[in-house]
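The same subunit A turns up in both complexes below, where it pairs with subunit B and then with subunit C.
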Partner chain A sequence: MTTETTSLELTVKSGFSAKNLAIWLGSVGIWFLPLIWIDPSTYMVLTVAGVAMGMLLFLAASGLTLIFGLMDVLNLAHGAFFAWGAYVGFSILNRLNALGWVETGTFSQCLVSVLLALLVSLLVGVVLGFFMERIIIRNVYGDHLKQILITMGALTVMVEILIIFWGPNDEVVLVPAAFQGSYDVFDVIINKFRVFAIFIGVAIFVAMQLVLKRTKLGIIVRGGVENPDIVRAMGYNIHSIFTGVFTVGAALAALGGTMWGIFKEQIYPGMGQENLIFALIIVIIGGFGSVTGSFLGAIMVGLAFNYVAFLLPKLALGVNILIMAIILLIRPAGLMGQE
Partner chain B sequence: MAEPILALEDVHTYIGQHHILQGVTLAVKPGRATVLLGRNGAGKSTTLRTVMGLTPATSGQIWFEGDHIEQHKVYKIARKGVGYVPEDQAVLYNLSVEENFRLAMFSETEETWQRMETIFELFPDLKKFWRSKAGVLSGGQKQMLAIALAFLNIHRILLIDEPSKGLAPIIVDHLAESLNHIKDETTVILVEQNFHLACQVGVDYFILDDGHVVHQGLVENLVDNEELKQKYLGIG
Partner chain C sequence: MGNKMTQELTPVQQERLQEQQTRYTQPAFLMQLGFVGILALTPLVIPSFRVMDVVAKIMIFTVVVASYDLLLGYTGIFSLAHGMFFGIGAYSVGLIIHHSGAPHWYHLILAILVAVGLSVALSLVITFFSLRVKAIFFAMMTLALAEFADILAVTWYDLTLAEDGVSFSLPGIFNVNWSVGKFLAADINGRLMTYYLILIIAVLLFVGILRFVRSPVGRVLKSIRDNEQRSVALGFKTLRYQVLSTVFSSAIASFAGILFAMWLRFVNPTSVLSINPLMLSILLMLIIGGMGTLYGAIIGAAFIMIIETWLPELQKLGVALFPNLEFAQRLVGRWELYFGILFILVVFFFPKGFVGTARNIIAQRKMVSSESK
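Right after this comes the complex of A and B.
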């Protein structure tokens, strides 16, 4: 056998250019801009709050990154998974509070309470996601219009069922005693639950990255998303794998709902729809299918919201749309999307 | 005469409303390279996709090593030992060369890693670009990667769809050597428009026209049959 292939041409595209460098420097530098108007300790407080909010938004968006970004399924019922997670977490905390573990519990009881609430909401998300994919989504892969219509219907049904169980009113979520109050680090006030939220957000991000980038399962998922026929012809049951990915996406949304409920100390049946908008913005900012992009996008939205809310409160709600518009103007495929 | 490893009997396949395969009947002998020839739109690629289950047959029967497979799911057909190299995008561009190989390794055994060494000898470029995304490889290298992925596992039969499409002549020669190496190990069905390559690799042939098998025989006899080549292949 000859080795004539060495003469074949190869074009390796450089992933790094002066334009990219300028974009990245600008992207990092802009976050120091508020220091012109805000004193450093307040800036640090806002930054920690922004990162924590970003982590919570990432938890809400991470599932959508898998379902919408990676699998290209426009699942508007994602918000319902989020709301269900919040209500399940709320119920678990109430049950454990009756045992004295939440409002008056020790640190370990509080920690177990939150972890248990997260675990149960994760399991409920798994069950809801599994049946949703098997019954509804499987029939509409590749057809966005049908996906929008049918998942909008599913969203309505799931929220109405939620109202049957928990009622239509707002509910106050108990914050475990160990996560109430703040730490004071060199005059920077850091809310305890925000630290926990940052920890959970980073843990989920690292876990998702490891699974998608370092495991055979991750390779199968990424390959299956790009070209399911090739992966099927290699002997993999891609339908089962897609069911698994959708289920994990739904479970992450439910987990995000529980975290969001504790963070906001309040839940209501329509909370899923409101957060779906945030999650969609983050997935679009980050670039479809990029977990890292969603992670960065969520932090950007969290930081921008906090800085702008401090400086120009009336603009806070619109700042996410503004960020999305600017990023899409510079990078139409999003922060980490493939152009 | 050995039993055929793969047999199709009166297979009909539709794509949408188009009736592509209109009663294909053929039998592939084990341990040999069979080429499917014919003009564009004759149904050659659809025959491979139908065997693989990617475009399922609407009627007719397909036997693989004595089992009916026409109702089987794609991954089950693959697990029976049927390998497939599609015509377009036979590798995954967003995965690295290494990840393409890891995906193709259904089980990562000592034997498969030993075969990797052989593959690197056959296709040294693949080792050079091991960590690069497959999407940045040249057309020839992508095709070499596709063939190497098929070579990685020992299949009972390998279906290869137009591997020479769009490749420069020097690369087609290299491809022919690789395909000859593969056919020494396994039964091959090759769909090929490049008659020269088909003759280099194939032993048996079937000519398809309008979704039917219209002629079959030994490639060595077809080479000199100008009338047949002119009538069904448009060459001569």
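Right after this comes the complex of A and C.
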């Protein structure tokens, strides 16, 4: 009896590790492939840019993946939260600039103004997400077709309202003085704001992991992703948890939008839809419901986008669709998804 | 002899035989014929270009929506790349004629071959990648792909001229300069010829879709939509049928795209490739008309096309009402906003559409009358 179990364990383990090793080696190795065409210092610049972009996309994708994993809702309106966050952050920075805090401020003033912009857009995201879930999403649980249709409609409406407030044109976002310019590390030029973006992204990833893995709320949410009925049977109000997760997801997307606006120094109403595509690709790559999966997926997408955008600009989005297709072929449920 | 034959047939075959025998004498057929006749007479009787424009677009979009209905309503596959196939058709005409100088007949044939070939190949690849996995993956993957196609068309300026769009002229009797005089209220010119070409091809394609869903293959598709496991248990290779439906409907969509480009003589990403407004409009047409009804496509396309033609007038109204308030102008003039609100309301409160709701009411009446007997 015992020998049987051990042999079974052994086969499972060895099969697991051999396959895993090959996948890991392949997936790490492939990121050095661009070095054939790109010289090392440019490669490093692109890598930092890619990771920073990945971090910001992760902010949008993490909410999407949790909402899908927990509530089985595909929220195409997620891109609208992103765009709203960007526009709110833009307005806050403009207001603070009138006080002289942004383009001419000291380091602490700059930091405060960025944090303030992030905070306000976070709050706007909370409000939008809360009402969106209560008014619209709640009525379409369990019906994918209706969800996709309704959230597409909601995306249009929210973007149109945004255009009514801010106008349909591109706007230039002010970058606080302390985040302008770049560091020079051994001839590798690293934009200051990219470092800040990576810092924020990693901080939020760590915070999410801590909440999900170490707190009771996190256990309930993870349990809900696995099996909502059991969570409900244990006496928890799954609907308020749904609202909470949706709200947090919307707030994170809004936060990501603000960061994205400062990162790209430019915003436009269609930015939400465009980044929604990245977020969807990341969620599919990472596996529905997995925060770690979408973290890895986001970095992959950010890196691939930047390398290919440098080499063949037109195919930058295409390469991500290619990555998605390859990963779906190898693992139909995504990197970290459950079969 | 006929009696002996029918006895050996299965009930379904009997029904089909009966339908085939009475097909051309039923009132429904005469009504369809009359409807086509009205479409043919419209430009001769009403001398307004705007009316002809709207009717031509309604015919084209009826075909697009019907082919989308085949996919979503009859097979249960939720693709968001249907607009992309439409765009492939439109761009293949536009680019081939634009980049080769003077228009020739063989350009049109080449465009049809390229468009249908490309969409068949692409839809095969898409189905290969995503029909085996979760149904919702299909929606997400096709959305990503459609967005990619749109972005490619916007950024590849050398080929597509981006948002400026590609203008081109058509060969022979479809050329704008071709004209032979007047008949009734209409000039017999290239426009009118294009209108009739669209009418003929749209009717053929629509009848083709109708025949397809009523064929034995169409019945299998419906059974897959309603209960996939049961169809598998009955011995049907469901994947094969789903692939067939996807390929067929995307080929028709690209054909409709060719017609659309020929009508406008102009293509740009927003009008033929975008998710919003193009794909959203197709979806809304389908839902308003009624999913899984095919004839709903006509009503849905007509409803939305008429709204889309007149809603932008709101812009002028806004400027007239609030000459100095940009905010108020935008509030009145952003017709896409009202379009989105309409979309949400329809999905919430009118999910069966006109034809679906009408059929429900008729079915209920029949139930009531049979019970009272």
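Note that the second predicted complex is superposed on the first by the 320 of 339 C-alpha atoms of A that agree within 3 Å, B and C clash if a C-alpha of one lies under 4 Å from a C-alpha of the other, contacts with A are read in each partner's own complex, and residues count from 1 in each chain.
Please note the rule applied: contacts are C-beta pairs under 8 Å (C-beta built on N, C-alpha and C of every residue); 3 or more make two chains touch, one makes a residue touch a chain.
Since we're looking at a predicted model, the values are computed, not measured.
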Contacts of A:Ala154 with subunit B and subunit C, given as first, second, both or neither | second
Given the touch rule stated above, what does A:Lys19 touch, subunit B (first), subunit C (second), both, or neither?
-> neither
Partner chain(s) touched by A:Gly235 [first = subunit B, second = subunit C, both, neither] = first
Write out the stretch or stretches of subunit A touching subunit B in their complex.
-> 1-13, 216, 219-220, 222-223, 226-227, 229-238, 338
In their shared complex, subunit A is touched by residues of subunit C numbered 78, 80, 129-130, 132-133, 135-137, 139-141, 143-145, 147-148, 151-152, 155-156, 275-276, 280, 283, 287, 326-327, 330-331, 334, 336-337, 339-341, 343-344, 347-348, 351
Interface with subunit C, subunit A side, in the complex: residues 74, 76, 136, 139, 144-146, 148-150, 152-157, 160-161, 163-165, 167, 273-274, 277, 280-281, 283-284, 313-314, 317-318, 321, 324-325, 328-329, 332
Listed in rising order, subunit B residues that touch subunit A in their complex are 52, 54, 73-75, 78-79, 83-84, 86, 89-95, 99-100, 102-104, 106, 121-125, 129, 132, 136-138, 140-141, 144, 170-171, 173-174, 177-178, 181
